[in-house]
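I have a structure here, written as structure tokens, and I will follow up with some questions on it.
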Amino acid sequence: MSKLKSSRVHTPIVLVNFKTYVEGTGKNALKLAKICEKVNLETDVCVGVVPQFVDIAPIAGAVSIPVFSQHIDPVSAGSFTGHVLPESVKEAGAVGTLINHSERRLKLADIDATITRTRKTDLISVICSNNTAVSTAAAALKPDMIAVEPPELIGTGIPVSKAKPEVVSGTVNLVRRVNRDVIILCGAGITQGEDVAAALRLGTEGVLVASGVVKAKDPYRVLIEFAEAVLKA
Amino acid sequence: MSKLKSSRVHTPIVLVNFKTYVEGTGKNALKLAKICEKVNLETDVCVGVVPQFVDIAPIAGAVSIPVFSQHIDPVSAGSFTGHVLPESVKEAGAVGTLINHSERRLKLADIDATITRTRKTDLISVICSNNTAVSTAAAALKPDMIAVEPPELIGTGIPVSKAKPEVVSGTVNLVRRVNRDVIILCGAGITQGEDVAAALRLGTEGVLVASGVVKAKDPYRVLIEFAEAVLKA
Amino acid sequence: MSKLKSSRVHTPIVLVNFKTYVEGTGKNALKLAKICEKVNLETDVCVGVVPQFVDIAPIAGAVSIPVFSQHIDPVSAGSFTGHVLPESVKEAGAVGTLINHSERRLKLADIDATITRTRKTDLISVICSNNTAVSTAAAALKPDMIAVEPPELIGTGIPVSKAKPEVVSGTVNLVRRVNRDVIILCGAGITQGEDVAAALRLGTEGVLVASGVVKAKDPYRVLIEFAEAVLKA
Amino acid sequence: MSKLKSSRVHTPIVLVNFKTYVEGTGKNALKLAKICEKVNLETDVCVGVVPQFVDIAPIAGAVSIPVFSQHIDPVSAGSFTGHVLPESVKEAGAVGTLINHSERRLKLADIDATITRTRKTDLISVICSNNTAVSTAAAALKPDMIAVEPPELIGTGIPVSKAKPEVVSGTVNLVRRVNRDVIILCGAGITQGEDVAAALRLGTEGVLVASGVVKAKDPYRVLIEFAEAVLKA
């Protein structure tokens, strides 16, 4: 997909969601993004960062790895105070965006409209989903990526790829019947290299992680472990 | 599908949404439901009514045709003040429910959770969708019925089956690839028998109508025209 | 207030919110409403019931005590599928409605618009609030009643009138500076007669209760205890 | 108020909301902010800018005038993907935030919680309201500023200070009874110096403008006219 190439995105990918963690805000966010870049430069494994809206511009201006937004609104330029315009995150340097994260769920029609907006603004769309059925529905909307994350495992340290392998493999199977091109990621509870390895074995092309990296004592060490798991896979 | 039989639902179906129209509220709603029942008794065409929550019990107790709710919430019995419990509309006499009407759009995960609740409460699920892509996504969630209604045509008197036949036939084609069992309806702007005939020719198994019947000078005459179009199809 | 008189509402009032509890749904709801009526007939203490939307008509047709809706939408007759029209709950027999319950919170502008609709439809408005500041803001919108309920105590059995008396008395004091006419209730955790007595001593004119009555082994006994506490106050 | 001083905010103030207008996005936003700064430097009238989230950091780093966010969420650091953390906009250089703009309305309890968060993060809170009653309710929550904007006039070029002077003066009167300290602004339809003069005569301490400046052919000329009206008042 040429959109991915021009965005320096390639798979397998490790996507790091900074949420609104202290460790992922402002100066801390910039520091963390540079650690992610270091791991990318040392291993050539694709590491993407997903900072808060206000941190997109400073981070995108400082690192060579792909930067994603945590959300965009399906609006066009106009009277939409307090909304996140796709064109704005693009101009600030983002190459893509999460859509429908479990902490920012959207109406079905708005997910569809948001994907349409990402196509017009050349942003990579990553729809988050909570189970197999929702992943399959999301796949029918033809996003670039789907990230399945059982909400009950988010932030627990219990990896979806080990605790609920059937959700991951079931998602891969059913999504493939509806959409052969979409890139499938999984997330929730991933903290170790072997969780990443398990995710790839189950048929995904990467992971979406947050606290496992952002709140780790040594994010560099964790990411290097992830990257090594990717390289061995 | 045995759920349909026990609910006196059969296709082709004409589903009449009373919205919050004056003509579809309280005593007026009961009167209109009896007109719908009369048309069903005279023609044997399935006519279902979709009154407001407070009118479900009085109507379900007074007519022999199937009654649907306009919405339910994906909640269980418990602390959910102001929500619409699936078990409550069932006990009040409803046999099914609209989900995600364009005037009451839901989050994707809630649509999925609501369909799961309809299965447990033996209610017929009718997901409304606004275009082909959303219909296909909805079909992946395995509801009993899908009703595609381009919002820009709702209430206009410009029938979707004539103004946007490609939305209807495109929906039928794409939905069928994902789900062979779901019953497909279309709606928006339907006011004449020939609109219903066009809808059936395009591959749907019925229509979802509102103002075309509820706000008609003579709802009986309109419904008889619809029923005759169904019988000729 | 003549609206209250014509609605058989007088203070002190015990308002029983049925939520979506099994014990407060359908036939159970009707049975519970008759118990509430019995306590009213025996003690002359005002007991109001707040059933789900679908149960308003059957209950209002069967009991002599005031029936409230759990929520209404600030819409007028028209194209509002899945909404709760004020005129509908009125015609079904409700005399008033909760607004902004902690389980069904509303936007500020919608609370204002809903109160405006209750005035036009002659429904008693009961705004729920979560703390002193919000109660004072609500009072500025001139509803008929305010019910302050700290959400962290709802359903706990720890009575707000004892655990957080300063929230209740502070609310009474500050609300009175903004609005001298509004009737102030309190709720959350009320299960015993002494909780009701404490609420009245703190300056309120009644209580909003739910699980303490609805999920009690013997709702009649609990309500009689409440009524006796009211009569002694 | 020392918070205002340290933020270089003084009254009368002209607050320019960039919304998601093309003219107020990215490089255009930076250019427009510099024009606002120029007017401030030439006239000493306080001009504040309200850009999109992603543009806060670049603008706050480039101009000496106060920068506001268009919205913040009432969340703390943690698991809130896609939310706007108050600490983040503060660290990015914002001195305050709009809350409850008519294009981003909030639940009452969330407005209260957001104001509480602005106090902890030392951000100036500007609650937007749509009429007199809502303004009075908002004033009870003790924000720093209130901006009353009848939504039906937003973007029309029909100035609230002339078309609905009673909304402005009524708001000033009623708000003052509840809160003597809050700074009152008005907005909607303001495009000329005389609209600003009328607003100040009616008792406000400034204006909230958007299209009248952002989409003007010559924003500098419009702002100079506004500033002159302020200086003459």
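General observations
The chains carry the letters A, B, C and D, assigned in the order they are written, with residues numbered from 1 in each.
Just so it is clear, a contact is a pair of C-beta atoms (placed from the backbone, for glycine too) under 8 Å apart; a residue touches a chain by one contact, two chains touch by 3 or more.
Everything numeric here is computed off the predicted structure, so don't read it as measured data.
Number of steps on the shortest path from chain A to chain C, with steps defined by chain touch: 2. When the interfaces B-C and A-B are ranked by how many C-beta pairs touch across them, B-C comes first.
For the pair chain B and chain D, the distance between C-alpha centroids works out to 45 Å. Averaging Cα coordinates per chain places chain A and chain B 37 Å apart.
Touching of two or more other chains is recorded for residues 102 of chain A.
Residues 17, 19-22, 25-27, 50, 52-58, 70-71, 75-85, 87-89, 91-92, 98, 101-104, 154-155, 210-211 of chain A are the ones touching chain D in the complex.
Only residues 100, 102, 105-112, 129-131, 133-134, 136-142, 178 of chain A touch chain B when the two sit together in their complex.
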